[in-house]
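Chain nomenclature is as follows: A, B, C and D, assigned in order of appearance, with residue numbering initiated at 1 for each chain independently.
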Amino acid sequence: MTAETFKTDVTVSFGHCDPAEIVFYPNFFRWFDAAFHSFLESRGCGQKRLKHDLGTVGTGLIDVGATFRSPVTFGETLTLSLTIVEWTSRTVKITYEGHVGTRLAFTGHEVRGLFMAEEGGRLRAAPIEPFRQMLERGRG
Amino acid sequence: MTAETFKTDVTVSFGHCDPAEIVFYPNFFRWFDAAFHSFLESRGCGQKRLKHDLGTVGTGLIDVGATFRSPVTFGETLTLSLTIVEWTSRTVKITYEGHVGTRLAFTGHEVRGLFMAEEGGRLRAAPIEPFRQMLERGRG
Amino acid sequence: MTAETFKTDVTVSFGHCDPAEIVFYPNFFRWFDAAFHSFLESRGCGQKRLKHDLGTVGTGLIDVGATFRSPVTFGETLTLSLTIVEWTSRTVKITYEGHVGTRLAFTGHEVRGLFMAEEGGRLRAAPIEPFRQMLERGRG
Amino acid sequence: MTAETFKTDVTVSFGHCDPAEIVFYPNFFRWFDAAFHSFLESRGCGQKRLKHDLGTVGTGLIDVGATFRSPVTFGETLTLSLTIVEWTSRTVKITYEGHVGTRLAFTGHEVRGLFMAEEGGRLRAAPIEPFRQMLERGRG
């Protein structure tokens, strides 16, 4: 799989904003997460299939961050771009960029693992190769 | 002001969690933000006073990140600790730690600026010294 | 204006759902509110114009409710339909229906007023006729 | 069990509010839900025990509503009161009141059922009597 980019648009609404009239920042991470899940669905690798085929409870977060370049307000359309940039044995790194038109609003990243439930309900990050292969094969 | 730590507890509820039965991660940032505002209130520097005295529309985010060490689930009490660790001319850096009992759940940080509205509604980060002085004087 | 219906689609994501694997219900109201604001935008009556032309701080909620008929889960597309059904001197009533394909997921309503800030920051519901006229004229 | 009332306080934060500087209304329902779960925990009937003892996936919503009497803004402490008011064979009705000091902010209600997963993942509302008995016995 080349480092192709998945894009999705968010219509920024009044209720996404705080009294400073800009997006309440945790909402950006809601959109990171939703974009990642839409990307999985677009490859035929939605969470239900991951659970069924790989036994995972989720593609959980290990590390996340964002740098904000310009504020986003209601009435704007935010284009969120997601790129898979790095795999290790147990993690995948995803980068995000948010634009309003040509204006860069933020850059960010997530590092995710494939979480499995162990005896006693504890979660651990499992080897991620089966997930990588599933994504690369996609629906095909 | 020494690097004192402000603590607040969050009762983690069913609705804070996703189908993996762990906290949906953007909620951690909701709690970062709420803790920061509670800290401001505890110093008599709530957003309404900042707006009135300093003319700011908010203490906006410039950079944010978190590393997750262990998952948090509903029924648990999360103790969130906040420490002011660094001031520059236009930013303040805050670090966060989340514990469930003695278990470390995550570490994180925010870099915030003092946002002012310019002509035309554009926001800019103003010199932060007046905010620092206000915080250090506190209610006293 | 006839009682025409405005429709919008929501891609239901993993993070919208709780450990019961169905939508955490407050999210439905986030979508009610976002649909209402998208409807306003579609008529050229977004919140910024309302504030500028009518001096309102928002189209605030007076009453809201919903009845859930069938659960909605991640991976589904929810079609949300909004209809303006009744005006009084100070309120507008909006009904909502949510479908997943042909399956009815919920019905709901909002009663909203046009909130103005009075001296001292108190809010009051103003006569709503100017808003009605603005909506009926739309962009035209 | 008499119709006793369970109370919980919410510190209303900047990020709970929208550009009208009042609480973004879906947050009230987040707090309804969290209060209900805190009430269950206070009786020793948290969701994990319900799942284990009764096999339920959750105490899902059937109907919900609220009437807003006065706006709530950041810096205020909202006292949320919950009362179990009515049981039918498959539902329980809960009423809510929100006060800021002595000022009534809203009244509301939820009707909940005890949701069980059927074959194929479909949910149904099961007889609620075992849940009622568990609640009435509480921790005792």
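Observations on the model:
Rule of thumb we're sticking to: a residue touches a chain if its C-beta (ideal position, glycine included) is under 8 Å from a C-beta of that chain, and two chains touch if they have at least 3 such contacts.
Please read all numbers here as calculations on a predicted model, not as lab measurements.
A count of contacting C-beta pairs for B-D and for C-D identifies C-D as the more extensively joined pair. Computed from the mean C-alpha positions, the centre of chain C lies at a distance of 23 Å from the centre of chain D. Centroid to centroid, with C-alpha atoms defining each point, chain B and chain D lie 28 Å apart. Contact of a single residue of chain D with at least two other chains is seen at positions 14-15, 18-19, 21, 24, 26, 30, 33, 47, 58, 74.
Chain contact topology: the protein chains form a complete graph, every chain touching every other one.
Against chain A, the residues of chain C that register as touching in their complex are 11, 13-16, 30, 33-34, 37-38, 41, 46-48, 58, 74-75. Within the complex formed with chain D, the chain A residues making contact are 14-15, 17-19, 21, 24, 26, 74. Chain contact summary for the complex, chain B toward chain A: residues 18-22, 24-27, 29-30, 33, 47, 57-58, 60-68, 71, 115, 123.
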